[in-house]
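The following blocks contain the structures, represented as structure tokens.
Two complexes follow with chain A in common, the first pairing it with chain B and the second with chain C.
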Partner chain A sequence: MAYSNKVIDHYNNPRNVGTLDKSSNDVGTGLVGAPECGDVMRLQIKVNPDTQVIEEAKFKTFGCGSAIASSSLATEWIKGKKVEDALAIKNTDIVKELSLPPVKIHCSVLAEDAIRAAIGDWKKKHATAEPVAVETAQAKA
Partner chain B sequence: MHPVVPSPETLSAQTCWSCVREIEKAAHFCPHCSKLQPPADSDYFTFFGLQRRLNIDLSALEKEFYKLSRRLHPDVYARATPAEQQWSTQKSSLLNDAYRTLRDPIARTEYLLELEGVKLEEQSRTATDEAREQGKEKQQVVPPDLLEEVFELNMQLEEMRMGKKMGERDEQVAKDLESAKGRFEQMLSSSNDDLRKLWNEWDQVIASGADAEDPNRVAVRDRMVALLNRRSYVRNLVRDVNEALAT
Partner chain C sequence: MSTTAVATPTNGNAHASVKLPIYMDNHATTPVDPRVVQAMLPYYTEHFGNAASRNHQFGWEAEQAVETAREQIAKLVGATSKEIIFTSGATESDNLAIKGVAEMYREKGNHIITAATEHKAVLDTCKRLEKNGYRVTYLPVGADGLINLEDLKRAIDDKTILVTIMYANNEIGVLQPVAEIGKLCHEKGVLFHTDAVQAIGKVPVNVIKDNIDLMSITAHKLYGPKGVGALYVRRKNPRVQITAQIDGGGHERGMRSGTLNVPNIVGLGKACELAMNEMPEESKRLAYLRDRLKKKLEDNLDEIHINGSMEHRLPGNLNMSFVYVEGESLLMGINDIAVSSGSACTSATLEPSYVLKALGLGDDVAHSSIRFGIGRFNTEAEVDYVAEKLIDTVKKLRELSPLYEMVKEGIDLKKIQWATEGH
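Presenting the complex of A and B:
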């Protein structure tokens, strides 16, 4: 199976690989896995508390080229976006952009999961006024 | 993707195309006139005349495989009608697929789960779509502590590979990996034991005549799905650790 040029580009020059301080209050961390292939992906965001804008996004993925490309693209897309806008990104957007074949769709799912998990973690730290977020924060504690 | 077809219980009798006497639906040969029958719309278990059970007598399966290989072989039908020639080719190919799937414990389990309506390839996406629509957080199918461990170990493996590229061998990392290897091999073998226990539970449920909607049948099925999800991580880890240590 041939990878698309965009996948190869992200694979060879992954954007935003790295780590943010997990314990920081402004950082949200998402660690997710794809059971289909055993891949694992960590995506971290740093959110400006005043503007709710994602100022930094870093990832580290262990998996195939498509999984690395999906997470690399995900960090590019969410950087500079407001948290609520980042939540609007769907796996199908990633599939389209990278021209992923059907057998690699789960890689894009993983990237969407990672974005949502990172934002979820950040929201828990802040336990904003939303009742849902408060509930999950308590459930975790 | 494997074909998903009705279970043997729903298959009814049919007639032999040649002697027009009544035969069992998935029969390979007519018991009256011995003629080869067209491929039935059946699953791999039915192909081998087996119930949908997970404990399989492998030596009996092998024997049956060789027996059917000989009897279905296209050479046997070289001078038969074109239809029979085509059936023999189709059935020989089905036979190989069925045998390869059923003799492997994991492939057999995955195949059965597919027959039971589980879409292993799509479960993650389905859960993501649901979570997004409901604005909820997705429940990861793999426990978070295992994910942490997988992630940490992969970091160590990467460190070791980089060190090797530079011509170094970090003894501490190598030591850590050795002990991780033991731990994951242990996990893999205990997950194999757990799978076998679930096979037994499954076979009991089937023996009790439970239909597809039976809550016990669904419960055992779902526990097997969870176990296989976990297992694919552990299997990858064992593979990667072995790779890193081998060189």
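Presenting the complex of A and C:
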């Protein structure tokens, strides 16, 4: 399979790889996908409580090159955005930017899911008075 | 992949330089040995006759070349030349053997036994027969990839006409206990077919010692041309009959009509002759290279998993899972090396390898697998380059892998409830 130059670039130089402290009140963590499916993405955001701006975004991905590129791109896009604006990112935007073929569209869907899961986790922390250190997927474990 | 470059491994050790890209996928196909090409060339332009032309020299020369090839093939596998039927390749040979026996022995029975890890040319042929009223038993394999002889014994009943079990597996290189399977079949009066394309020329194969009644052979896995193969059909003890699947001029003693592809047949014969002479040396060298690769990977990486028995295995095969790294992304990182992956992403069906799943591997481990096929033209310097590049890439991708991080933190991935629906 031929990859687009942008996918290859993200694969070779992934942006924002890393881990944030998931127990921090300002951090939201999204863990989506499943090992059996060959794709797992973990996307984390650190939100400024005053401005609601995503100041940090980090990811780690187990998956094919397109999955790595989709999540790398997602962190690049949400960084500096307000939470509500980050939620407006659609998987089709990712497909377009990375020129993903039809067989790889699920990678972009997963990246959108990861953004939503991370924001959802952050919102959940702020809906309760007490900070609760949970990850979306692990919470069900 | 059209460009070639010369490179040394990234850490700049004093290895001999290697030419890129490196081909290490010799279970998919092999390059044609230049000596085979030389043997074939005269049969395109000079001795181009039809081997079935009985009344002039052009025909006689072609026929003579075909008979020489038949003898070269027969000699390599312990057969007689009359037992070799030329075909277009192993897929046709498998079809001809299985459908040919099924049709010929229909009155005796309708039951066929095969294994879950067979090549699709066998499995899909069996599935076709199931639609036509035949009954097929698919034997399971153990974690080592081997069938259990007791399972086979239990599966044989009075309606069983054929057992078809491959000699060596194309993904994991595991060698089945063919001689024992054949012995059991003969005791029970059942015919035994084996797809031996991966084994011939790599390990000693002998149709008498191995109790084989029908055997599929192909040229392009043993440094011969694509598009030619053969089927061994035993002529005595027992005399095996098959119903032809292609009708026409009655070539190949009525079992396979069609004008013989003389240059390709000459190539198959020559490839067998070379294998006959060089196998003892070559198999030792391939096993050495394979073990060198395996040791380098094991010494430098944790969480790796060998798929299938190491004891009963082709000398040039290594199939390994690099757990917590997805196979396609691994191939992307080693894109100057040609190998295969059992990952779903590399297959048309988006399903991970059914062979690895049959060993009891989880989908996640199957997704992480790489098949190395070391062959005649691979060098030690290439093996070292592949090992280093692979180690670097696996380490880099594990830095990127949330699963590897979680496992290192002591999290049990199996206890996490993953959202699997829809993917």
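Keep this in mind: the second predicted complex is superposed on the first by the 123 of 141 C-alpha atoms of A that agree within 3 Å, B and C clash if a C-alpha of one lies under 4 Å from a C-alpha of the other, contacts with A are read in each partner's own complex, and residues count from 1 in each chain.
Here, a contact is a pair of C-beta atoms (placed from the backbone, for glycine too) under 8 Å apart; a residue touches a chain by one contact, two chains touch by 3 or more.
All figures in this text were calculated on a predicted structure; none of them were measured in a lab.
Asker: Check the residue A:F62 against both partner chains and state whether it touches chain B (first), chain C (second), both, or neither.
Answerer: Touch partners of A:F62: chain B and chain C.
Asker: Please tell me which partner, chain B or chain C, touches more residues of chain A.
Answerer: C
Asker: Return first, second, both or neither, reflecting whether A:K90 touches chain B, chain C, both chains, or no partner chain.
Answerer: A:K90 sits against chain B, while chain C stays out of touch.
Asker: Once chain A of both complexes is superposed, is A:R42 in touch with chain B (first), chain C (second), both, or neither?
Answerer: In the superposed model, A:R42 contacts both chain B and chain C.
Asker: Examine A:A34 and indicate which partner it touches, taking first as chain B and second as chain C; both and neither are also allowed.
Answerer: A:A34: touches chain B and chain C.
Asker: For A:R116 in the superposed arrangement: first (chain B), second (chain C), both or neither?
Answerer: first
Asker: So, does A:H10 touch the first partner chain B, the second partner chain C, both, or neither?
Answerer: neither
Asker: Per the contact definition in the header, classify A:I105: touching chain B only (first), chain C only (second), both, or neither.
Answerer: The first partner, chain B, only.
Asker: Go through chain A and flag every residue that touches chain B in one model and chain C in the other.
Answerer: Common interface on chain A, chain B vs chain C: 31-38, 40, 42, 60, 62, 103, 106, 110.
Asker: Which positions of chain B touch chain A when the two form their complex?
Answerer: Interface residues on the chain B side: 120-121, 123-125, 128, 131-132, 135-138, 140-142, 144, 147-148, 150-151, 154-155, 158, 228-230, 232-233, 235-236.
Asker: Which of the residues in chain A come into contact with chain B in the complex?
Answerer: These residues of chain A touch chain B: 31-38, 40, 42, 60, 62, 90-91, 103, 105-106, 109-110, 112-113, 116-117, 120, 132, 136.
Asker: What does chain A use to touch chain C in their complex?
Answerer: Residue list for chain A touching chain C: 3, 8, 11, 14, 17, 19, 31-42, 60-65, 67-68, 103, 106, 110, 137-138, 140-141.
Asker: Mind listing the chain C positions that touch chain A in their complex?
Answerer: 324-329, 332-333, 343-345, 350, 352, 362-364, 367, 399-405, 411, 413, 415-420, 423
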